[in-house]
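Structures are listed in the sections that come next.
Each of the next two complexes has subunit A plus one more chain, namely subunit B in the first and subunit C in the second.
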Partner chain A sequence: MEPLNALVSVTNFMLIPALAYGSQLALGALGITLIYSILRFAHFAHGDTMALGTAAVIGGTFFLQAQGVSIHPLPTALLALPFGMVVLIGYLLITDRLVYRYYRKVKAKPMIFVMASLGVMFVTNGITRLFMGVGETRFEDGERFIFSVRDFRDVTGLAEGMALRSSQAITILTALIVMVVLFWFLNRTRSGKSMRAYSDNEDLALLSGINPERVVIITWVITGMLLVTAGTLYGLDKGFRPFNYFQLLLPMFAAAILGGLGSPVGAIVGAYIVAFAEMGITYAWRRVFTYLMPEGLEPESMMQLLPVDYKFAVTFAILVIVLLFRPTGIFKGKVL
Partner chain B sequence: MKKLLLASTALALSAGVAFADEVKMGVLLGYTGPIESITPFMADSAELAFKEISDSGLFLGGSTITPVRADSTCVDSSAAQAAAERLISSDGIVAIMGADCSGVTMAVLQNVAMSAGVPMISPSATSPAFTTTESNGLFFRTSPSDARQGEILAGIVLERGFDQVALTYTNNDYGAGFANAFEESFLASGGTITSKVAHEEAKGDYSAEVGQLASAGGDALVILGYVDGGGSMLRTAYELGAFESFFMGDGMYGDELIAAVGEALEGTIGTIPWASGEGTDAFQELAEAAGVNASSSYTRESYDAAALLALAAQAAGEATPEGIAANILNVANEPGEPILPGELAKGLQILADGGEINYVGATNVELVGPGEAAGSYREYVVEGGEYVTVQFH
Partner chain C sequence: MNLTARDLGLFALMGVVLAMVGMFQSWQLAITILNMSLISAIMALGVNMQWGYAGLFNVGIMGFTAVGGLAVVLVAQPPVPEAWAAGGLGILLGLMLGVATILAAVAVYKRMSPGKLRALAIFAVLVIGYLVTGYVFGPAKNAVQAVNPASEGYLGGAGLPVILAWPVGAVFAAGVAWLVGKVSLGLRSDYLAIATLGISEIVIAVLKHERWLARGVNNVTGIDRPVARPVDLQPQAWVQSLAESLGWGVGQTASVLSGLGYAGLFLIVLALLIWLAERALNSPWGRMMRAIRDNEISARAMGKNVTRRHLNIFVLGSAVCGLAGAMMVSMDGQLTPGSYEPLRFTFLVWVMVIVGGSGNNWGAVLGAFVIWFLWVQVEPAGRWFMELVTSGMADGSGLKQHLLASAAYMRLLTMGVALLLMLRFAPRGLIPER
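Coming up: the complex of A and B.
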């Protein structure tokens, strides 16, 4: 029973939260990678755009709740997703028209684009806070648990318990579905193929008759959908607070760069590595080892590599190490 | 230009004359930030005392007190200092009722109030650090230090049979001071603390902190924080099955916590500075009549802090920062006629006649020198979604 208890404990406190967190990061990092490979710049407004999209979903959720619409046991927010997507895609296309299109026309350097996106970030950030305030908004409803710690203990009779929240399960499942659909789109459809061609070699793509503005619009549409999904899942899991979305920027970029910028598979793998590294390095392994080690050899210390406060430092260290030693990332993406 | 100058000087002079009998007092509390849900009631209570003084017509020969509110934010020291500076230099206040959270209160005291020589009475800064900080006799508080609350809470935890606990606190002056006080007396009484982890406010996810506490084990989790971070810690710990029993300090007390945490809170035991007796009842009646929510935290302490400032000014015979600072201890402690809430007029009269008073107020005020107050605590348990009093300490 002892190894089983160790496994349950580590699953409850680390594996499940990390898997959910990694899925949320993966959807965000996919957007970063898409924008980088098609529009060729690092989209700094990513986190705050995600917050704006989530704010729209929350607005839709509250409206539906007021109307008495519900899809119990699932959260109402899932029903409001399309509304959030429409709002955010509209917002992204308008910013593209007002800001980025000009810089594309004058063939500005990537760094100018990055600075422009920084400006967009501040504006977006302000708009979100105007509507939502800076405090926490909880919009999760429906059934909170698939199974709780107490259910689990009663059924298995183990000393350790394990809980699975609905929001975590929904996050992992939805992320999986979205990834499959995205890969199908990129590899099997005409629009997806034209996007890949455009990303691979811009001049050749133009010569073969691909309309660049259409590719740009499709990219924003897909990014918008990914962002709203990622943001809503994150908000359902952890509550909505604009500043936390801004802070997601670092792990999302770390994930995209670690996997290799421009490589969708890389973004997903990178996101899970970042999530597991953050959780694993700051996790206190004492309990797990107490179960696994023979009697008398139990660890005295907390068996923790870094204090919990250093979570973001882990991500930052990953980013620095990758940029120093393998700037192309795991899957040979482009160099930033 | 010359005319304009003359005109404005004349205007300033006439304004000075017109408001000569108006005394301004600052009410520096965190109207925004982590404790924004309780500060409006605290300010209302303080202003209730000021109004009582003004309405009596006995204050310094018929002067009135105008409270001026300013935002301490509870967490942002630079914003709190700017607000205090504005109160002093632009509004011309003579004393400050506030600030609230220990960190900003310390910042305002050391960087603004001490250089300007303005006295402060905080209703809710409970960090043990104030007991030992030299304030030039300018800082007082009406709530007791967390050193004592830590001691009492440690006693309660042990008494309930938990001698191995994990400890988490909000990462600021209040949390760290409280946690140290708790740890010290808990260890001294033979308990063991398996792990001590700080948590930040306003995070999305607390599972990593809870994971560390759970890994260290323990029979119960002691949380010394605020509704936001502390409440999330409690809920996460309950949902992950890390702990079944919880203890908490005064910073988390409030109906908002019950609304936010729900069933996980059931059975949680905690402490909060609380007074009982005729002074408290008198305040309750007074507040109800004025439509002020008296059952919220630190409303009594706020009323007392405000009343003390005004009574000290009366004892000095002048509403100046020096006069108020010098007389606070005299009016707060024995000897003298005991004064309850609602009897401020009586106190003003005695002081005007040259007599002595012992302000009892809503919380049985007894100031132990600058920076320290004696006080009593209420032990409560959450039952059926309500705070139920167990006993007073």
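Coming up: the complex of A and C.
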């Protein structure tokens, strides 16, 4: 019986990674929910747009590294974030101008928007791969660990070790800051209020003199910043592969729907639920139980509910449960 | 068969283009393009039923085709008696226990009144069911996978004629579609899209990792084919004399003949499907579907059960996709779960439907031919383009190599641009709905 070791083990292998993953998902899901409540369609190009923004950041990082610029303990990618944001926001605004604006003008059905976003997804995907290929790119530099397994063991004297990778700490911290700023923006500034008004009641918002095109532009700008941040954090944590970003689409949508589409708080809560469920169900609990059970009763199996390859199944199961029992999500999102 | 002269002209043009591929590139390539176009046309027909007739957005085509492909393995491969003896019963029992668990949970949900007690009961049923299922299923699975893992390690199929797998594939896909549709139809229209996206990823994950089922990523190869293989045709006397009179090599003649055999089979299926689809579209049922698509609320006011009708057509369309998936696997003679990619199997089919003309079956077929042709030919064209762009650069420069290597991704870009342009400037497609 060593509950302390069990706690350390579960923190190291599940809680910290899930918290980081959840933060990355949350930023992405926030973008989905914003686009959903302002532009009123499911943005299927989300994952690939994220990949493109991250590719820009990686380009900036490599340029800075070649110039010898560095902010040592921190990864150089953070310095390249603004560059990636500018590139991605430009790209989003151009696609909006070339693609989506026309459909807004003719008041097309939401499904046509989704279809158009599919086309944008193809193009974005192609552009990203033109630059980056399909392989994995690693761009993490700076200090790798805040404290490593050995440091932890030396300090605490426990048998089980725990490490905190700097990418994980940066992820959790950055996500927190971004969320706070976003909520401040939505609730306190004039632009944020006009966005909420527009999402709440379009006609009334127009009547009170809110310029819809301006609201749309602000939405894309915020989405771009969220996507670049989320994508860079994910890439720092797990490496950059375009296909992985496409696959993030499902958990991000699941998070947004679980929280309630159109509800920013919901997107964040949903993202953490999805992340913890994915990690918890595919995590091999054997070590933890070995510490918890009295001697001689240690489990023999892996104590893993599902193999890691089925993490999509977990997300999907969450989605199905929400759709069956509470289609509006936890925070009663809009059913537009 | 209400085709105008213009539509026929478009099909004729496509035929001429394929013939030109045959003359200037090779007849083998032309036949390969033709066969894959026919299969894609069937997939596009299925999607067109869902989108064109009913406005349902299915982004899980990959999953339904893969399930159809699985049917080929389960029907046509010979059974593996050792594996069945080792754990066949355990696997069957385990699967049944899994289903029974879910049914029991549903029964508890329906019988008991809402409250904490019900939630607790459902939870208990699921946990106990999971443990019992795992206890039966796990060891049986491992036993099966341990049987001769290099070439078998799975239960095998039923050893029936491979043609039978085609309808079975359709039934499999229909079953999966029913489950997905039951959950997500009747809610917001894009929930279906997200649910299908999820189920297709799961189907592929299951195919990759459940080795007892179809060997997972180890692939099942050498599946029986409905048409004689080129290798079997080569020694035939009439093939050799035909090759001589055509002035081709024997190998080329044999592979073209084999491909033509497939083309004949596929054409029969496609013709049958189009005939059925056109009949359905112009029947009271088809008019009702279009009425629902165009104005759901008034259709509902007329007493139509919109959700049920949507479920019908979603299952039908997915079944057609499953049929196409089974046909594809039986043409390749192998099931390779690793080769299923959403961009190629889901989104490309969408481009076909949109470019061809959604709501028109002939349009979907033409779109499949045009887009598959482009998909195959854009890559060499892209390489040629990149070589032109880079011709001024010094040999061996990093940029030049990078540009040449990334020519392959030009096709994604081209497809996306084609989709966007069609959607914007000709949303009704090459052959519009009438």
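As a working rule, the second predicted complex is superposed on the first by the 333 of 336 C-alpha atoms of A that agree within 3 Å, B and C clash if a C-alpha of one lies under 4 Å from a C-alpha of the other, contacts with A are read in each partner's own complex, and residues count from 1 in each chain.
Criterion: a contact is a pair of C-beta atoms (placed from the backbone, for glycine too) under 8 Å apart; a residue touches a chain by one contact, two chains touch by 3 or more.
For clarity, every value in this text was computed on a predicted model and none was experimentally measured.
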Does subunit B (first) or subunit C (second) touch A:319, or do both, or does neither? second
A:99 contacts which: subunit B (first), subunit C (second), both, neither? second
Contacts of A:297 with subunit B and subunit C, given as first, second, both or neither: neither
First (subunit B), second (subunit C), both or neither: which does A:309 touch? both
Looking at the overlay, what does A:249 touch: subunit B (first), subunit C (second), both, or neither? second
Scan A:286 for contacts with subunit B and subunit C and give back first, second, both or neither. first
Classify the contacts of A:207 with the two partner chains as first (subunit B alone), second (subunit C alone), both, or neither. neither
Do any residues of subunit A touch both subunit B and subunit C, and if so, which are they? 309
Once bound in the complex, which stretches of subunit A touch subunit C? 41-42, 44, 99, 102, 110-112, 114-116, 118-127, 129-131, 133, 246-247, 249-250, 253-254, 257, 305, 307, 309-310, 312-313, 315-316, 319-320, 323-324, 327, 335-336
Tell me, which parts of subunit B touch subunit A in their complex? 195, 197-198, 200, 202-205, 207-212, 214-217, 228, 239-242
In the complex with subunit A, residue positions of subunit C that touch it: 55, 57, 59, 130, 183-184, 187-191, 193-195, 197-199, 201-202, 205, 208-209, 342-343, 347, 350-351, 354, 405-406, 409-417, 419-420, 423-424, 427
Sites on subunit A touched by subunit B in the complex: 9, 12-14, 17, 21, 136, 145, 148-150, 152-153, 160-163, 165, 234, 237-239, 241, 243-244, 279, 282-288, 302-304, 308-309, 311
